[in-house]
Each structure stands twice: as structure tokens, then as C-alpha cells.
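This is the structure, below, for whatever I ask next.
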Amino acid sequence: MSEDVRKNFASDNVTPASAEILEALMRGNQGNVSSYGEDHYTEQLAKKFGEVFETELAVFPIATGTATNSLALSAIVRPYGSVICDHSAHIENDEGGAPEFFTSGAKISTLPSPQGRMSPEALQEAIKRNKEKGVLSPPFQALSLTQSTEWGTVYPIKTISALSDIAHQNGLTVHMDGARLGNAINHLNCSPAETTWKAGIDILSFGGTKAGTMAAEALIVFINERTKPFLSAIPHLIKRSGHLWSKHRFLSLQLLALLEDTLWLKNCAHANKMAKLLVAELKRHPGAQMPFDCESNEVFVVLPETLLDNLENEGFSFYRYPTPGGVPGKLVRFVTSFYTRTKDVEALIEAINK
Amino acid sequence: MSEDVRKNFASDNVTPASAEILEALMRGNQGNVSSYGEDHYTEQLAKKFGEVFETELAVFPIATGTATNSLALSAIVRPYGSVICDHSAHIENDEGGAPEFFTSGAKISTLPSPQGRMSPEALQEAIKRNKEKGVLSPPFQALSLTQSTEWGTVYPIKTISALSDIAHQNGLTVHMDGARLGNAINHLNCSPAETTWKAGIDILSFGGTKAGTMAAEALIVFINERTKPFLSAIPHLIKRSGHLWSKHRFLSLQLLALLEDTLWLKNCAHANKMAKLLVAELKRHPGAQMPFDCESNEVFVVLPETLLDNLENEGFSFYRYPTPGGVPGKLVRFVTSFYTRTKDVEALIEAINK
Amino acid sequence: MSEDVRKNFASDNVTPASAEILEALMRGNQGNVSSYGEDHYTEQLAKKFGEVFETELAVFPIATGTATNSLALSAIVRPYGSVICDHSAHIENDEGGAPEFFTSGAKISTLPSPQGRMSPEALQEAIKRNKEKGVLSPPFQALSLTQSTEWGTVYPIKTISALSDIAHQNGLTVHMDGARLGNAINHLNCSPAETTWKAGIDILSFGGTKAGTMAAEALIVFINERTKPFLSAIPHLIKRSGHLWSKHRFLSLQLLALLEDTLWLKNCAHANKMAKLLVAELKRHPGAQMPFDCESNEVFVVLPETLLDNLENEGFSFYRYPTPGGVPGKLVRFVTSFYTRTKDVEALIEAINK
Amino acid sequence: MSEDVRKNFASDNVTPASAEILEALMRGNQGNVSSYGEDHYTEQLAKKFGEVFETELAVFPIATGTATNSLALSAIVRPYGSVICDHSAHIENDEGGAPEFFTSGAKISTLPSPQGRMSPEALQEAIKRNKEKGVLSPPFQALSLTQSTEWGTVYPIKTISALSDIAHQNGLTVHMDGARLGNAINHLNCSPAETTWKAGIDILSFGGTKAGTMAAEALIVFINERTKPFLSAIPHLIKRSGHLWSKHRFLSLQLLALLEDTLWLKNCAHANKMAKLLVAELKRHPGAQMPFDCESNEVFVVLPETLLDNLENEGFSFYRYPTPGGVPGKLVRFVTSFYTRTKDVEALIEAINK
């Protein structure tokens, strides 16, 4: 990596880990400790996360986001059931069928969500229809929300509450895919509790990797009457899917370091700031259209194809999306991270403006 | 871990990682690189493993042994099929149903194997019976062997060849669970090729964690006519089970470091040496019975229960097994590792001899 | 059932079986015969179906349509793969998650299809996008078409050919859900071969129950290079899902009777004729809008809600669909069958016209 | 079937249906009725079965025994769990992996059972060991007993009670595979209630096909605190596995006819009587050894191979089992049924005695 400027904006997972994470691994790499999560590092996790979220919870460290989401769903949906989510959800589009695998074939049902956010009215109507269909449709057993959403927007807390209320009234458990939760918290300027369990979230995929770990997310279960019955199943689900590390301390050490001094929130705040910088410049560009409000660290923009080709020729990386017919240009995504520097964004802007 | 002596002999996964592994992670923790295995570290893996095994192969790094075994089986057995293994196999006893999960319900069929080693005659007979049963029994589609075995013994190469031949003649693909492969290679004084693909192994779970990594095994497919048809499925199986790391370099870096200068073989040789030291002393102990030949780094011994209770009171850790009725004493296992020192074994011996 | 007029138009499965079917069961209900399909009735099936379809094929009798569709898919799609179908497909909407269950979690991907018919262009585009997504999306391995479609329309043969060609060129196997195949054949005035294997269909769910059996469909595999590799798996898939009857003759006897003297085609021709009668009258009704061409035995019509309530009050049964917002009235379905008489349709028309 | 004597003793499923069953189908084959089990025949089932078993229960008619057993298990065992049964159980040996399929990969764990009957002591010990293994073994969630057993013996009621008590105390739900329940009831001279729910059975596979139906078993759930929570899942599990007949009346009609005038018990009593006749003669044969007590309609006997070959040459059918080494002769099974006549048994005896 001899480049002076980092030109890879394809995702927030092309980065290394925060230095603090690897330092924690080094410090913990001594002595024999019990394997499979019976170590004293893992022991501290629930307490630390409990402080962050200000409530009673259970924590299960998992190496990947796909596994974390899918394990969460497999705890709350039976194989014959269904989870409802918005049409843009990661669990529907980007996890290679992992939710179907972990749930042993539960159905992912989707609702259209123009800005990545499901509406309470649409959810209510879908639940009604699902009930009418009886055995012909797998019954909804879970609602899954993504915060920040896949289109870079963020749910207002009251919308999460409204969706959760409808879900709970109909017997559904509520999951949040928080792969970019820290970015949403930064945008909302709220506490971790406010956008999760206080708004009705029962089970959370707490994003670690995009916020700075090497490979560590946390599956967090907020203890309540809905979640207690399935709590004892989770260790079995984790082992059964090969996600229980024998040298388990190395998962826990990453998460402890991520929480230390709110490293995760600082990292996400920086990523959001870099995205805002990019957005401000793009808004001035005559050829750019931005279909979504940028409220986190993902910047979606429609740009002319020749401009995009030029960027790629200069070494910039980003992700292209299918663009609806008739639109002149191509929808692409630039993602910033804790590792993005102001000069990296400036170099991108300069190349766009050329 | 302020103890002067390391008293935990419960497993070879209670250890930290070899220092070389974490140093490699530190060195690789800079710059943006493509995610999901498209990085230049991962690129080197197949070449390096190809040199170690002296053949054409494909390598897929996976964080845990349970996932590696189960992914291998899911590539070679269809959901309606069966894998045959010996009765003591890890996939049957210790993986929390992961093989059934990854294969979507394939049947694990077992053969008795007094020393942890299946006999060719028993395999032949079982295959015959399986065919006779037609649709009433899931058809055998894979054979899984464990090397070193779960009872600390090692398969002679010619037995592996004999078993593989029978399997191949009957349309089965052959898997090896090599969680302790390095220990077997040390015992056999053979090349990695000789006890694997040259003896008929088609797909291998190459053990990394017990040999020194933090969390990295390798799923290795030896390229041949039997394995080519399923090769393209493996990346999908890995993603679908949440085992594709986004920051994938951190898996590959561990394996590269493990192969460097044959670190894995050195580590396993040391572990075996420590086990031999312990065995030599136990053989002199009047109350000890050793039901299996110790050919790797696992020492199984029946000892009086009072002695075992004393050991535990002094802080030693080991694993107890159900002991067949009528035997005076209790079957236990002591496991040594790259991290075990001579003085640790001596301290254990001293405590046993007290 | 003392009613003079049969008022149940909810589906073509509210009917009894054709008299010929039960007579065949009676005739075959004597003597011991080998179980599990090794009887002489079952032996005749492949020959009889081979004559009907004028080609080499394998036949597996199954009691329900849901099982037949799902078994077919499980033979041609791996758990990590995906089947693509139109948005209105029965496998997506009405089988309670059976396709996901039988395929162990394969993904049902859908394409919009305004008249129940997928377009070749849309299929081509979807396949392209699926490939681009790599491991993030389950790879398409099968195409499933419904003939007649779920909206009562019928695919022209050339469209089936075009779709099959695209599928085959991209490595997909082609399934047809032929729950109402006889109705389509009647509409197209073609041979069974022309709208199936000659148009590229590899595996067919041959509808029996709606055409007159008690509970018997046929899973038909047309023998070709794409289908040969999975043929031997099917008996295992059937047994494993509990669909192999021990007294298997009673499935085969139904199908033999259904083929005898083209009973199935006669039954379907009658059902179509009854639907046409109803359509002709509805077209004259000022309050009726018919969104789809009626080409089989299903009549979809938007009618004023008060009229529909009146019909139900008079004892008529039909199925209501969610109606797009802004449309005045409600979309409903009337289905005719071999068991519908002219006077039954006339009674319905009279009630509608009141 | 022009033979004067019926020589097929391979199983009790080589028979036709009882005449009463087909007559009931004929009588019910008229009029439109609601599909998918909403008909008035199905409505009567719970009441009728409630009278037979003298308790509150739910009934679900299913066409095959394999599906009935597997559906029952899928209701009471989660995919990550395990069902414990005896080593000879049908669910372990003869259902082609259906229990693993329906439960999405739950583990079938077995206990040795010399006479087909599990012992309470062995069950207690196995449960203890299973708990000790924690996440390494799928947790036991169900006990499955077979009555009559696979070796033709019958559990005394008090043994069932003892086993159920242990199971319930440890949180397991208790299933009975009653494919030959009527034969056991005849042997025990007890009421249906006494050998099922009164002895602790929670969910029952009520055997219909071997007792006289064409293809109809009943999945019976005895309503209690353990079974209430999963009751609502069963209709979904049935639909999802393709076992919900659209013309559902034809399943219910069979079961109603089987219960009418205790036809099932009369049929089973006759089958048992025919078996006793055969046993009495075999006991006098010098070359015959009978390893199990014949308490139902299955007769297991070791006979010289030449004698067996002769029987087959004369057209008799029976089933051969693998025989333990060193035993002179071959273990075979003769099964009698409602359809076996005294003269059929006499012809067999005569051929054996030749």
C-alpha cells in the first residue's frame, strides 16, 4: 500500500482494524485460558455492553455481520415462519442466502421502502394480509429493521417505536441490523439505548467490523418477556453454525477494545464527517443527483458514466448499482470510514470535478 | 496469568496464538484492500499450500474447525445422503450438530472403532448394507477420517489408502478431519502429501488453531475428477454460513504465518514431544492404565478418582470421559501443545506421583 | 350436499374425484403386491406417460401439488442456490414455504409479470445481475414457469421456448408447474409434448388433482443431459419427505385412470368451457372489469363489493384478492372444473345479474 | 393376483386396504366441500379420536407413517436439538433421513435396546451425559418410543410411564411411534388411553395404513401444558411439507372408517392371531431360533439359509436381516396382517416343515 492517497471507497470493510484492536489482541495473547467463551475476557462483555446500553442484556461475540444477523433471526423465527423486512435489507440482498440457511428455510418477506425505511402503515397492511393467508403463507414471526439503512438514511426513533409496537402487538419479535448503528447514533445524537431497546428492539446485531474491529460483531439480546424464552438456544445455534471460537478470548478482546473510551462512536463520527464533506461537494456538482439523504457514512449519487469510468481509471474504487431505466447516468456508492482522511475525500472530489 | 506453571491440560485450544501469528496480523494491518478474499494475501495462499502439499489444490480459510469440517461435508454430501465415519469422530460427538446443519440434515453414520481407527473390512460391510437398504437409508456419499484420531492414535498411511480405495470404488468422496494433522505427520515422519491426497484424501480440514493460529483453519480441496464438480459451490457455502470475513486478509495472514518456516510442524512436533514425556512417566505409575497408544499430543489414561480430585484441587485442568462400568478409576485426557513447557509437564507428573 | 346447484367456485380442488378414479381404486384393491412402488401398476406408469408425452421420461407419483413442485425444485436447485420465477407463482405465494423447506433454504427470486407471464428480456437482465453479485446472492440454478399461469393466462409456446433457451444457456434447469397443464393444452390446442419438453421444459409437475384425481400428481422428468445427473436422487428425496406411500399402488392407479381415454384432457376441456361461459356473461356486465385474459379455468374479475357480499349471502364461494388502491371494487376469482355444470354457471350469472 | 394362497409375508403394507375404507371413499365422493381440511368430515375426526382415547386431543391426518413420525418430531424438537430413541427405531433406520429432514437437522441419538425396548436406567444415564456435554452435543428435547417395537415386542405400560417420567423431569416431550399401536393394545389387553397419554405420551403417530387404510395415519397431540405451545405450528408444518391434501376429505374419510366399529382393533387382533399361529409352529421346528418374544404381528426367526432359499423359490416373500457373526442361519421376519388368512399361514408352515 504505497499509495499516498487511499482511493478505495467501495465499502467500510476494505479498511484495516483500528490500531487499538490489534494492540488488545497482543496484550491478551498470553497464558492458557478456558476455551469456548469460558474465559475472563468474555466474562466482562455483558457488563460493558450493559453499561453502554443501560439495561440488562446478553452478548454473544460473532466474527461476521452475516452470521450475526442470521443467528439473530434463527433465534426468533421458526423454520416454517417468516421475517418481514424492507426490500433493500442486507438480509434479503447481500448475504448469499444466509438467513434462509440459519433459519432452516424461513421466508424473507419484503416491503417496498423508497428511502430504505419501512412505513408503519405498510407493515400493518402486510401483517393483515399474511394472517388472512393462513397456512398458505409462512406466518410472520419477526420484523427486521436496518439502522442506518442500506441507502444511507437513518430511521427516526419514533418510526422505530411505531414499527416495533405494531410488531409486538402481532406477536413478532423485533431485530435490528446495526451494522452501521454507530453512524446512526451519531446522526441522531441519541444514546445507544434510545434507538434500540427503548424503541422496542428485542435483539440487535451490533456492528463492530465497519466501526473498527478486525472481525467481531456482537449479537445482543435485550432481556424481556419476549426474548427470555429463546435465550438458552443461542449458544447452541452459535456452536452448531461453527461460530464458537475455541480461542474465544480473541473475539471478546476486540469488542472490549472497541467499547473502550467509546472508540466505536468516535470512529463512526469520523466516518460520518467524511461523508458529509463529500456530500457537500457533490451537491455543487451539476451532473450529480442524490436520490437519498446522506445521514450516515454511505454516499449514493447518480453520476455520468464517463465520469465514473475516469474515476476508475485513476484508481478509485466504488460500487455500481443497477440504475432504473431512463435515468441519465449510473447510481454509485462511496463509503467513508474511520480510516478515511480528509485528504482522501479531497482527492476524490478533485477527480470528480476534473 | 501470573502462574509460574501452566496447569491447563484440558485441550490444545486453551493456549494463546503463536507470537508469529499476531506479528503477521500487525504487519498486515495497514492500507485498504479489497474485502471478501479479493486481497493479495489471500491470493498467495493456494501457492503456499500447493508447495506444502506438492499438488494442485484450492484453499479456503475458515475461522473454526467445526465450520471447516462441516463446510467440507456440505460440499460432498447432499442433504439426503450420509457420511460414514468412526464412532469416536469429532463430527459425530463434539460439534453440536454442525455437520447436520451445514449438510441440511444429512445423516452421520458411524462404525465402531476401538482405537479410533475404522477398519477397511467394517467399511466394506457397512457400504454393502447401506446399498441393500435402498431408499430406507440415506445413501453413503462421503467417508470422513480423523488424523490424528480422537483417541490420540494415528492411522498408518496404508490403512488410509485402503479405506479411500473402498470409498472411491463405491462413489464416496473422502474427507479428512486434520485438526491435529501436524501431530500425525510428526508421528508418521511422512510428508503432508503422503498422509493426505496420495493416500486418497479428496478434501481436507487442515488444522491451524491447535497448531498455533488465533482462529484460522484451511479447507483444502485437492483437485481431481471427484472434487472438480463441487469446487464452485464452496465460496457460496462459505458466504451462506457467515464464514466469509469481510476483512478477509486477517484470516489469510494467520495461515501464511503458520506455514512460514514450517511453524505448524515445529509446533506440532513440540506438542508431541511433551506428550511423550508425560506418557513415559505415566507408564511407570502403578495406578495408571492407558487404553490407547499415544501417537500424537493427546494422552488418555485411567487414573484413580482420588488422584484426579487432588489434581483438580491443585489447579490442574483436564477432561473426564465416561468410563465403562467395572473399570476402577476414571478415563481422562491430558493434552499438550506448542505452548506446553517441559516444566509444565514435570509439574503435572510430580503432582500425579505425589 | 343436498344443494341443487353447486355454488362453490373457490377453487378446482373443492370437487370430488372423477368417478373413474375411485372405480380404479376399487378394482386394484385386492391381493398383496410389493410396497413402496415395486408393484405392477406403478411399472406401467412410465410407459403410459411416455406415450402421452411422446418421449423418454421418468414418472414419480406424489399425492399433492405442493410436494410435487417442491420435490422438483429440490432435485434441480442446491440449498445455496436460487430458483427464479414470476412474482405470482404458486411456489412463491401459496405453498407455505414448502419450496424453501424441500430445497433446504434455496432462495425463491421473483420477477414482476403483469399477466402472470415472465418476459425473456426481464429474465435475461435478472440473470446478468445475479451473476454480478457473486457470492452475495444465491446463484440462479433453476427457472420455474407456471402453465396455465396463476392469473388464468397461458404462455404461448414460443415464449416458453425463449425463456428455456435463456435458462439453459446460463446453466439453469427448467421446471414447469403444470397444476393446470391440461387447461393450457386445451387453450393452445397443442400436444402435451409441444408445451413441455419440446419447448425446453426439463422437469414437470403434472397436475392430477385439479384435473380429476383424488390426490395424485406426477413428477415427470424428461430424460436429457441436464436431467440425467439428478435422476437417481429423486427416490431418496421422495422417501425423505414422507411422500413414498407404502401401499403405492393407490397413487399409481389414480394416474393410470386419469390418462385412460384422455380423461384428464376431457376434464380440463370441460372446465375451460365452463369458464368461457362465465366470462362471456361477465363481459356484458357494466360493473365488471377483467384485468387478465381468461385462457384457462380461472376467471378473475373486479366486481363491486356490495354485489360480492350479496353473492356470499346467497351461498356462493369464491376467493378475494387484495385490490390495488384506487380501484373501485374488489378483485375476485371464480374457478370452474370438470365437476361444474352449465346450470351451476348459469345460477352464478343469474345471481351476479340480479 | 390369481394365487390361491397369499405368500407375501414381507410386511403388513403389501396388503390392499380394508374394504370398509374404500367404501367410505366412494360414499364421500360427491359434492363440493371446502378444501385443505375445512370440510365436515375432517371436523368429526377430533371428536371420534377423542372418544377412542378418552381425552382432549388434536388430530391431523397424514398419508404416510414416515411423514407422521417426522412431523411429530419437527413439532417437538428444534433444529439444534436431539431426539433420543432406541437403536432399532424406525426413525433411525428406515425412514431415509426423514426425521433429519423435517427437523432441519436435529440429531437422532440412540440407545442400545436388546429387545427393542429402551431401559429407564439407560435413558437417565444418557440424559446426564448429554447435559454434561453442553453445546458440544445437541440437547435432548424429545424421547421417541415405538409401540409395538421394531422387534415385535411390546412395552409394558409401566415401562412407558417410567421412561416418560424421566423424560418429562428433564424437559423432554414424549413421542410414540404407533405404526403398530393396535397390535400392542391387543397384546396388552388395555385401552388406547392406557398405553399412550395415561402413560405419559404427549404426541402419537397413530398407525392407520398397517391396520387397514389405503394411506392414512393420524398425528395425535394430547392436549397438556407441554403440547399446547407447539399446537399452532403443526398446520404450518404439514402444509410446508406438502402433506396437506387439497381434497382433504379423502384422508379423513379413511380414518373415520377405520375407527368405525373399532375396525382398527379388530384388524390388529386378527393379525396378532395369525402371528401366534405361526410362532406356535416355529417353536416346534428344530432349526428355528426366535431371538425376540413375538407380542404383535411380526415374527422374527433365525432359519437355515437353504430353507429360506427354498421358501423364496416357492414364492414366499419375507425380509432378511444382517445376522450377527457366528450364528448358523439367517434372521428373517414374517409379518401377518388383517389380510392374512389361516390357510396362508398354514401354507407357509407346510413349506417350512418340508
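As written, the chain order gives the labels A, B, C and D, with residue 1 at the start of each chain.
The rule is simple: a residue touches a chain if its C-beta (ideal position, glycine included) is under 8 Å from a C-beta of that chain, and two chains touch if they have at least 3 such contacts.
In UniProt terms, the chains line up like this: A, B, C, D = Low specificity L-threonine aldolase.
These figures come from a predicted structure and were not determined experimentally.
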_Which of A-B and B-D has more C-beta contact pairs_ = A-B
_Furthest chain, CA centroid comparison against subunit A_ = D
*State, to the nearest whole Å, the distance from the C-alpha centre of subunit B to the C-alpha centre of subunit C.*
49
_With centres defined as the mean C-alpha position, give me the subunit A-subunit B separation in Å._
34
*Whole-Å gap separating subunit B and subunit D, where each centre is the average of the chain's CA atoms*: 41
*What are the residue numbers in subunit D that touch two or more other chains?*
79-80, 95-97, 101, 104-105, 135-136, 138, 236, 239-240, 244
*Sort out for me which residues of subunit B touch subunit A in the complex.*
1, 3, 6, 8, 10-11, 13-17, 19, 22, 25-26, 28-35, 62-68, 70-71, 95-98, 101-102, 104, 209, 214-215, 236, 239-247, 250-251, 317, 339
*Within their complex, state which residues of subunit A touch subunit D.*
36, 78-81, 104-105, 134-136, 138-139, 233, 235-240, 244
*Could you please specify the touching residues of subunit D with respect to subunit B in the complex?*
79-80, 82, 93-97, 100-101, 103-107, 129, 133, 135-138, 322
